[in-house]
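Dropping the structures in below, format is structure tokens.
Shared between the two complexes below is subunit A, which has subunit B as its partner in the first and subunit C in the second.
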Partner chain A sequence: MRNRTAKIVTIYLLTIFFLLFLNFLLPRLLPGDVILAMYSGYEVTITDELYNELVQLHGLNKPLHVQFFIYLVQLAHGNLGYSHICHAPTTTLIMDALPWTMLLVCTSFILSAIIGMVLGVESSWVRGKRTDQSLLVSMLVVDGIPSLAVGILFLTIFSLYGGWFPTSGAMTPYSNLAGIAHIKDILWHLILPLTTLTLSQIPGDYLLIRNSMILTIREPYVLTARAKGIKERKIKYFHAARNAILPFFTRIGIRLAYVITGVLFIETIFAYPGLGLLTYNAISNRDLPLLQGILTVSVLLVLLINIVVDLLYKKIDPRVEYAY
Partner chain B sequence: MHIRPFREFKRNRIGVTGLVMFLLLSTTAILAPLIAPHDPWDYSDRSFQPPSMNHLLGTNDIGYDIFSELLWALRTSVFFGVSVAAIACTIGLILGVSAALVGGLYDLVVMRIVDALLAIPSILVLILIAAYFRPSTMILVVTLSLIIWQTIARGVRAQTLSLKTKPHIKAARNMGASTVYIMRKHILPELFPLCAMGFVTKARIAVFMEAGLSFLGIFDPTTKSLGIMMSYAMRYLYLDVWFNWLLPAVLSLSMLIVSLALISYAIEEIFDPRLKGGNNAATV
Partner chain C sequence: MTNVKQILIAASIICLCISTSVISAASEKEIRIADKAGDWGYPSPYLSYARGPGYVRMQFIFDTLVWKNETNSPIPLLAENWEYLNDEDAYVFNLVENAKWHDGTPVTASDVAFTIHYMKEHPYGWVVLDRVDRAEAVDKYTVKIYMSGPYAPFMEDIGGTMPILPEHIWKDVENPMDYVEPGAFVGSGPFKYADFSKEHGTYKYEAFDEYYLGKPIIDQLIYVKTGDPQMALQRGEVNFASIKSEMVDTMTEKGFIVIAGPHYWNKKLMINHNKQPLDNIVFRQALAYAINQSEFVDKSLRGYGKPASYGLISSESVWASPNVPDYPYNPGKAKELIESLGYEWDNGIFINDKKPLKLQVLVSMIGVGGQPAPDRDGEILKDQLEKVGIQVELTSLDTKMVDKKVINWDFDLAISGHGGIGADPKILYEKTIQVPGSKPSPNTARYNKSEELNEWFDGLMHEMDASKRLEAVHEAQNVYARELPAISLYYPTWYYAYTPDAGVSWFYTTGGIAKGIPIPQNKLALIVTGTEEGTTAATQEAQQQESPIISFSVVMAIFILVAFYLKRH
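Up next, the complex of A and B:
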């Protein structure tokens, strides 16, 4: 148990070190001026006054270790820098965008998990039959089509030509809707990005559960359950699937990186005001402090979710306690 | 190993379909300079021409021939995918095998780096680096390889560790075989499926990343890219260019990635024989 804790702590420390390297050291390692490298966006003129202010802020006239200390203190205060292009603190910008991304990611995560699991379980149960084979092939094809392409096609067909869904935003601006109408409006804007993100995740869940089910089905306890005359559906979901979904939980951490990539493109395509669109805008404006802030927040979020998953996993599969 | 990978692959319909698709697309991509009817950087033609015999897919906003552009963009995708996959596989293979064989502190360090890299969203790292350096294609290839080798190293290490204790390796060692001989004759051949799998998976990630990053506008703007084509086509959608400009780019990208997905599934099925066939053995 102590070994395991040590291992996890090392991983987190290394990750944070890597993050600090990217955010702190990289701009300072670049040839040329740090301030100009970090702040020269397309719409910012760096006056002498601003330049001096930034030098003071980052302590650039002091030695490197003092600069690092200043950086850490600001980080600890939740101060991720100031975006001179948006004229707002980076933290505020990120916190405004985060809820929308969370809404999108969490909903699609749950939806795709349920759909992928049910399809995977059913497919593995009739393995080798026509239903299974056609489901498998179509899932592989859906898996291959990148979310970027799906998003673009959905936007073109359903929003631009069909006109059934909004083309951008998370709610209708200036509509002053309240109550149920407001929620309906938000859902209305959510549908296309959500469908795209969910579609991009279902095949992964499906393949994982299908393969894991195939191995579980041949366990003796499934045969025993069958011999006892337990109903087919009950064996499928309560005996076999109960154990077959374990790999799903171990892979949540790895899957997160995949989801972040998906969200970035999907939000950009549908102009959905979350972290992805914020990243896109930061890229287009060359707003590096904002990009750094987004990277910091996402890495910290991924680490946090990993801790939660780790704790949960012990509850779901008590065997891991003994494995270390 | 009593699996004959090539014979098995030939029988696997999903795999063959994927491979044929991939070979067709990459041959087209390699031959792009010969096949392309126009110079893709020649903007002397009228812009927004509809498809015709001269311009199979018409011309774009500044008069580039879209069909030629598509071929060259496909070339970038294939080149990017294959080279990233090759570099990432090499790094993963070397670090994985050496970690398993050397062990000790070295093993610990390599594995912790692997775990840390798994927790970091590679796309954001790539975006940040690209935004700072505005690097050329080659540097992006190397950077991406440097942050996605981790899963290969992990798999290779686990496999090597389990091979190390197998009787036939011990027997070879007892008969005086050198480490290099054992590596070459016993360990590397058994690592082939893992590497093949890793290669295809990484190629897929790389193709997607290249298109994605250029769609976001942080890729070398002088190269032809499916992502750049898509992002420009999106801007002129109101001119009804989606069927001759947007759709071909989207379809080519999808077909390339679908082909890789099919191949990777087939490889997985071949090397994990438990996944093959029906449920009869278990359900009767």
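Up next, the complex of A and C:
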């Protein structure tokens, strides 16, 4: 048991090191002189003097391995570097954006899991009937529409014509709202991006649960439960769904990575101040330290979720324990 | 019992929805401006991003010596009047005596002298002070700036662009790029810094009541980040936003005032004039004849733009030469010129030494006004050049990759673009030759081989007599258009719209703000000057109209009640 945990930890540590190395290296492999690329869109004359000052500011005058070493040491101190384009520590920038993304991603993750699961269970229970077929078709259709298009459609219908929701941002800037009114303002701004993101997640959850349920329903214990005269709702959710849910948990780690990248487009459309938008800006500004910081945080976040799922898995499915 | 409980819960949710939905009414006059990117850096000289919108955010707080409005010549700002002393090669500026910093300290000549010395020590991207020798405060309100040689673009390039810094704050700042203290936002402009949120991409400014030109006509100026500025304007979330060209008529019909931008940005074709056959002037002229500028405007801009002048300086600029050589679309003439260089026409393509005439064209997503835009011009160009027998290999690359190849002369033709062509003609010099002591820029032709051009450039940069300088500027454009170190293709037209009821008449600055920024957000639009005194700004009182939240809540409430009713029965 202890060996297994040690093994998992070692594998994760190696992965982290490798990914950090990639994080460090990839932005530096982008074509062109880093400084000139970073400031090429600027309407200023880059004199030799200014150029040298910028090179020094970014610490690019040191050899690559020294830069990597500095990066690791800083990271060990919880310091993700300083964004000279934003004039702020990368950690602050990320920590400002992270709560918004977490609010969006976590809420959407939970909502889509619940809705997808309920629809999947109900759909599989009446497999082949009209309800199931229409649900299946509509889910496939929803799955086929890119979230980008859904977002724009929602904006046009509910913001521009309906006038019900704000077009962008996470709250009304400088509105002097406080207390419940402020929370409501935040929720009001959240609804459209949240719905868009959730809608893009539901079909995946639905299809997974539905397929898994179809296999589970055939199991003898479901038949036994029926024979015992247990209420149908109970059989569906406590006997069948309880077992059908396993593949869903396996996929959480992978799915979360998709959600984090998927949120990039949605945050850009709705100008939602999260990590996705920050990434977008960092890429367009060639903000090396910021990009590096965001990638590091994303990598650590996804790995962390994976570890948690890995460790929790045997609680959810005790059979895993015996497989070793 | 459960039903009663459920109804109670539902009722309380509905009550909460309706009761708290009160949007606070702004009692002050405020203007909200939408921006797609949001974050342009802290509004302080060394902290704002060195791009047009970054400078615009900063100019509300920091004043310069002189400024520009809808007229062409510089108008007084911190400097009341000025004089150029030919014999001493120096400028004398007399400052206004009632100007104050936002912390109440008076603005004096020593602040100006200090700014010059500080910016010479700590280079500031917008202003290159190589030509300035030193500055001295003659008395409390008179400053004398000594040049190290005649420098004609001074008034616009330095006088109208360099933000004056308060000496009492900046004298202790050693590293201006890392100085993010409250002192970094103390200026002498019409607005005081109130807030900037990097996270939300929003800015808030408050009117400076003691501003020497009078209190601004609004109390608050707010920049808001929006995914779609035009939609935010239509929804009433903001008062001012950029709009898409196709929406001009619709927005005008809806009562917005639409302003069309002047043509100060050009898309241009970079040419590797160090390589055969592009090193030949006749061949470059043949290219110009082969290019149909109107087709670019029609197809690429869907008609919202106009063909460019071949002399680089915008045809709408006061500096535009009246007789720039023109190359009307003429494929026959292009073929004739190519033939005169020894090429033979063979089955639709030109050949020389049994090799076909082939050029590589680099295209990329190039930044237009800070936003990357897909480039469709490569296809149009390919089509046009192939009609005159030039084979074209179109290569689409990442912008930075194209920049790198152009800088390393590893290309034939590349599609590029830049702004600033309506401001001081110094741009013609900067975009034609490699300015000594600066890094190569990917949209500079680096064409140093024309003696004649260099002579006119000397006049353009150093001739202090206005009419002689104008002549040099005109002649430089004519030679440029004749020798074609690069070929300007077209100017796109950009539109902004605003609500008239806010009481502000926004305008495009002639030549662009400061060094030529084509954004219609000049601070002078927010200050009552002279004749406009009588017109008071209409208050943009946030109307206490029914909040959209309420209407949505009502719909939701009905929905919930119906659901419960159905469930009970």
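The definition used in the following text is that the second predicted complex is superposed on the first by the 265 of 324 C-alpha atoms of A that agree within 3 Å, B and C clash if a C-alpha of one lies under 4 Å from a C-alpha of the other, contacts with A are read in each partner's own complex, and residues count from 1 in each chain.
Keep in mind that, in the parts below, a residue touches a chain if its C-beta (ideal position, glycine included) is under 8 Å from a C-beta of that chain, and two chains touch if they have at least 3 such contacts.
Quick caveat: nothing in here was measured; it's all calculated off a predicted structure.
J.: Quick one: classify A:E53 as touching subunit B (first), subunit C (second), both or neither.
T.: second
J.: Applying the document's definition of touch, where does A:L19 land relative to subunit B and subunit C: first, second, both, or neither?
T.: first
J.: Which partner does A:L148 contact after superposing on A: first (subunit B), second (subunit C), both, neither?
T.: first
J.: Does the superposition put A:L291 against subunit B (first), subunit C (second), both, or neither?
T.: first
J.: One more residue to check, A:T279. First (subunit B), second (subunit C), both or neither?
T.: first
J.: Mind working out whether A:D96 is in touch with subunit B, subunit C, both or neither, as first, second, both or neither?
T.: Touch status of A:D96: second partner only.
J.: Between subunit B and subunit C, whom does A:N176 touch in the aligned arrangement: first, second, both, or neither?
T.: Second partner only.
J.: Could you say whether A:A271 touches subunit B, subunit C, both of them, or neither, answering first, second, both or neither?
T.: A:A271 contacts subunit C only, not subunit B.
J.: For A:I316, decide between first (touching subunit B), second (touching subunit C), both and neither.
T.: Touch partners of A:I316: none, neither subunit B nor subunit C.
J.: Residues on subunit A in contact with subunit B in one complex and with subunit C in the other?
T.: Touching subunit B and subunit C on subunit A: residues 30, 37, 160, 268, 284, 286.
J.: For a test of understanding, state which residues of subunit A touch subunit C in their complex under the given definition.
T.: Subunit A reaches subunit C through residues 30-33, 36-37, 39-51, 53, 57, 84-88, 93, 96-97, 100, 155, 159-160, 163-177, 180-181, 184, 188, 268-271, 273, 281, 284-286.
J.: Using the touch rule from the top, collect the residues of subunit C that touch subunit A in their complex.
T.: It comes out as residues 16, 20-24, 36-39, 41-42, 47, 49-52, 123, 125-126, 128, 130, 177-178, 180, 195, 197-202, 204, 220, 222, 224-228, 231-232, 234-235, 237, 367, 370, 372, 398, 400-401, 403-404, 407, 419-420, 430, 435, 437-439, 441-442, 515, 517, 548-549, 551-552.
J.: Residue numbers of subunit A touching subunit B in their complex, please.
T.: 7, 10-12, 14-15, 17-19, 22, 26-27, 30, 37, 124-129, 136-137, 140-141, 143-146, 148-149, 152-153, 156, 160, 207, 211, 214-215, 217-218, 222-223, 226, 253-254, 256-257, 260-261, 264-265, 268, 279-280, 283-284, 286, 288, 291-292, 294-295, 298-299, 302-303, 306
J.: Can you check the complex and tell me which residues of subunit B touch subunit A?
T.: 14, 112-113, 115-125, 127-129, 131-133, 204, 208, 211-212, 215-218, 227, 230, 234, 237, 242, 246, 250-251, 253-254, 257-262, 265, 268, 272, 274-275, 277-279, 281-283
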